[in-house]
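Look for chain A in each of the two complexes below; its partner is chain B in the first and chain C in the second.
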Partner chain A sequence: MSASPFEAALELVTHVPGVRGAMLVSAADGVVVAEALMDEMKGSAVAALAASLASRLRRAVEGAGRGAPRFMHLTASGGTLLAAPHGEDLLLVAVAERTVNAGLARIEMLRALEILG
Partner chain B sequence: MRAVEPWVAAPMESFLAESQARLCLLMTTAGQVVAQHGFVRAVDVMGVAALGAGIVASTSELARTLKWEPFTTVVHQGPHQAHLLASFETPRGRWVGLVVFGPDTSLGLVQLFFEQLVKDLAEAAPEAPAPQPVLAADFERELNASLRTLFGS
Partner chain C sequence: MSDDIRALTAQLAADPASLVFLPLGEALRRRGQLDSAQKVALQGLGRYPHLPDAHDLFARILTDRADFERAFDEWDMALRLDPQHAGAHKGLGFLFFKAGRAAEALQHLEAALSEASDDASLRHAAARVRAALADAGQVVAVPAPTPAQAAIPATPITEDDAAARAAIFAGLEGAENGLLLVDTQGLRLGGGLRAPDGVDVADVVAAHLAGVSREAARSAKLLGLGQWEIVVLESPGGNAALLPASSEALLLVVRDTSVPTGRLQVAAERAARAARAWMETLT
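What follows is the complex of A and B.
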């Protein structure tokens, strides 16, 4: 049986070395739509906070007259959060180690968004 | 924010600040109000508490009839605002929370911080006092005191 577009998109991202999980999040609600995460990670919390962050960042960037953001990359002491919006409704989020190859992860995330159409 | 039980105030204040909810009501499954934020009129609170407790009771019964696990959360989303209705265990028995929120927050955030509220309430709850005989005079006095606390009148 073939994987759904959501599963195929998440698989592309989680195959990047250093990525600990990926999820598709409803941008407006901050609720998980599909996820492929390591067991110890709380997907609902990551989804809610990432969607909130993306929404605020979007307002800030648009307020600065730079249009809507296409990719977000946050580095924290313990890891990296990557997010890419898919239209108005979905947000692709990846949680990765701090040492992840962010360029490769970005390419795979943008490819994943293409799968989603 | 007004709370009949003082130990509820800090967890609820924290929840309101984090979630940016517009209205919040904590009640027992019998519809007795424990704390409220955002409601102005007593009649609104009493009506909403009764309806909220009724919805939780009816959805629980629906789940029981279908031989499912009881629903713990019900969410209704409208174009401008939404509400989350959730039942949860506390050291003082089963309570119900009703949260009304708008587009300035999200369902995910409200759920996330509501889970934290449940944990904070469990930690903050003092030991329950020993049960006392219920006297009519005490009941009326306590009811009036609760209404004064909730609405300041």
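What follows is the complex of A and C.
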């Protein structure tokens, strides 16, 4: 049986070494649409926090007249959060180790967005 | 210590994973023990970052501390987790009314009432706001409020101010346009930023950045990622990097899209060093 576009997109991202999970989130309310996370991760929390952060970043960057962000990369002392909007409604989010190859993760996330159409 | 607080504290000690932190935090808040209440709420939030009631509790404590902006963020998060959360709607109604935005306040209070119709204090508050709107002759129907509508300071800038602000980054590319140093309240400390059409957007963006900084810190912490260090953004009109220059200041670096994000981070770190050196001269 072939995977759904959501599953295929998430699989592309989670195959990047160091990525602990990926999910598609409703950008407006931070609700999980699809997820592929390691067991201990709380999808609802990741979704809500990522959507809220992305929303604030978007407002700040739009306020600067630069248009809506197409890729966001937060680096923290113990890990990384990556996000890329898919249109107005969805946000592709990945949580990764700090040591992740962020360039590769970015490429795979952008490829995943293409799968979603 | 009152009996109820003592009993709740004992329950929480016996079962730290229980939700008893909610009534305990509220009991402490009502008694005015805000430090203890905040500690309990934050411990609970650390364990239950996806629980709307935990964000609601923390927001009420922040409101008692007159930290309305952070309270707004917490209630905003509670609504993201539960769009019908009556406590969050009630709290946002209070904040909007306090900010003189009665229409938005009424919208939130009515949303709260739809979930808690037997709450007399809510009915009373909604009636007061309706009366205020009627006195002002305003139409009640309004678009949904958004966090972006939070108060944005509008400080007039003199030419002397502008020169002083640019001096912080003297010698660096973007000292007057593209480097922006902001305090934790969203007020510009130095640098400048213009939109591609030349409009000065520094103060508007600075106001947004305070919320971004808190959200980045909260997201990183609650997701177990530790302390946030930098956020890099790619946009059609430019790339940006945002990083804490100190515990009290935030730095935004904006460059056009021809500057790769790797170079952008190098520029950001260089500017952060300049900002820190400037801040040390203030102490």
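General remarks:
Just so it is clear, the second predicted complex is superposed on the first by the 117 of 117 C-alpha atoms of A that agree within 3 Å, B and C clash if a C-alpha of one lies under 4 Å from a C-alpha of the other, contacts with A are read in each partner's own complex, and residues count from 1 in each chain.
By definition in this document, contacts are C-beta pairs under 8 Å (C-beta built on N, C-alpha and C of every residue); 3 or more make two chains touch, one makes a residue touch a chain.
For clarity, every value in this text was computed on a predicted model and none was experimentally measured.
In the superposed model, A:44 makes contact with both chain B and chain C.
When the two complexes are overlaid on their common chain A, residue A:95 makes contact with chain C while staying clear of chain B.
Residue contacts after overlaying the shared chain place A:63 against chain C, while chain B stays out of touching range. Contacts of A:30 after superposition on the shared chain: both chain B and chain C are touched. Greater residue coverage of chain A by touch, when chain B is weighed against chain C, goes to C.
Once the two complexes are laid over each other on the shared chain, residue contacts for A:52 go to chain B and to chain C alike. Touch criterion met: A:77 reaches chain C, while chain B stays clear of it. Residues 29-30, 44-45, 48-49, 51-52, 55 of chain A lie in contact with chain B in one complex and with chain C in the other.
Here chain C touches chain A in the complex through residues 49-50, 76-77, 80-81, 83, 147-148, 193, 195-197, 199, 201, 204-205, 208-209, 211-212, 215-216, 218-220, 222-238, 240, 242, 252, 254, 261, going by the rule given at the top. Per the touch definition, chain B reaches chain A in the complex via residues 77, 105-109, 111-112.
Listed in rising order, the residues of chain A touching chain B in the complex are 25-26, 28-31, 44-45, 47-49, 51-52, 55. Interface of chain A with chain C (complex): residues 29-30, 42, 44-46, 48-53, 55-57, 59-61, 63-81, 95.
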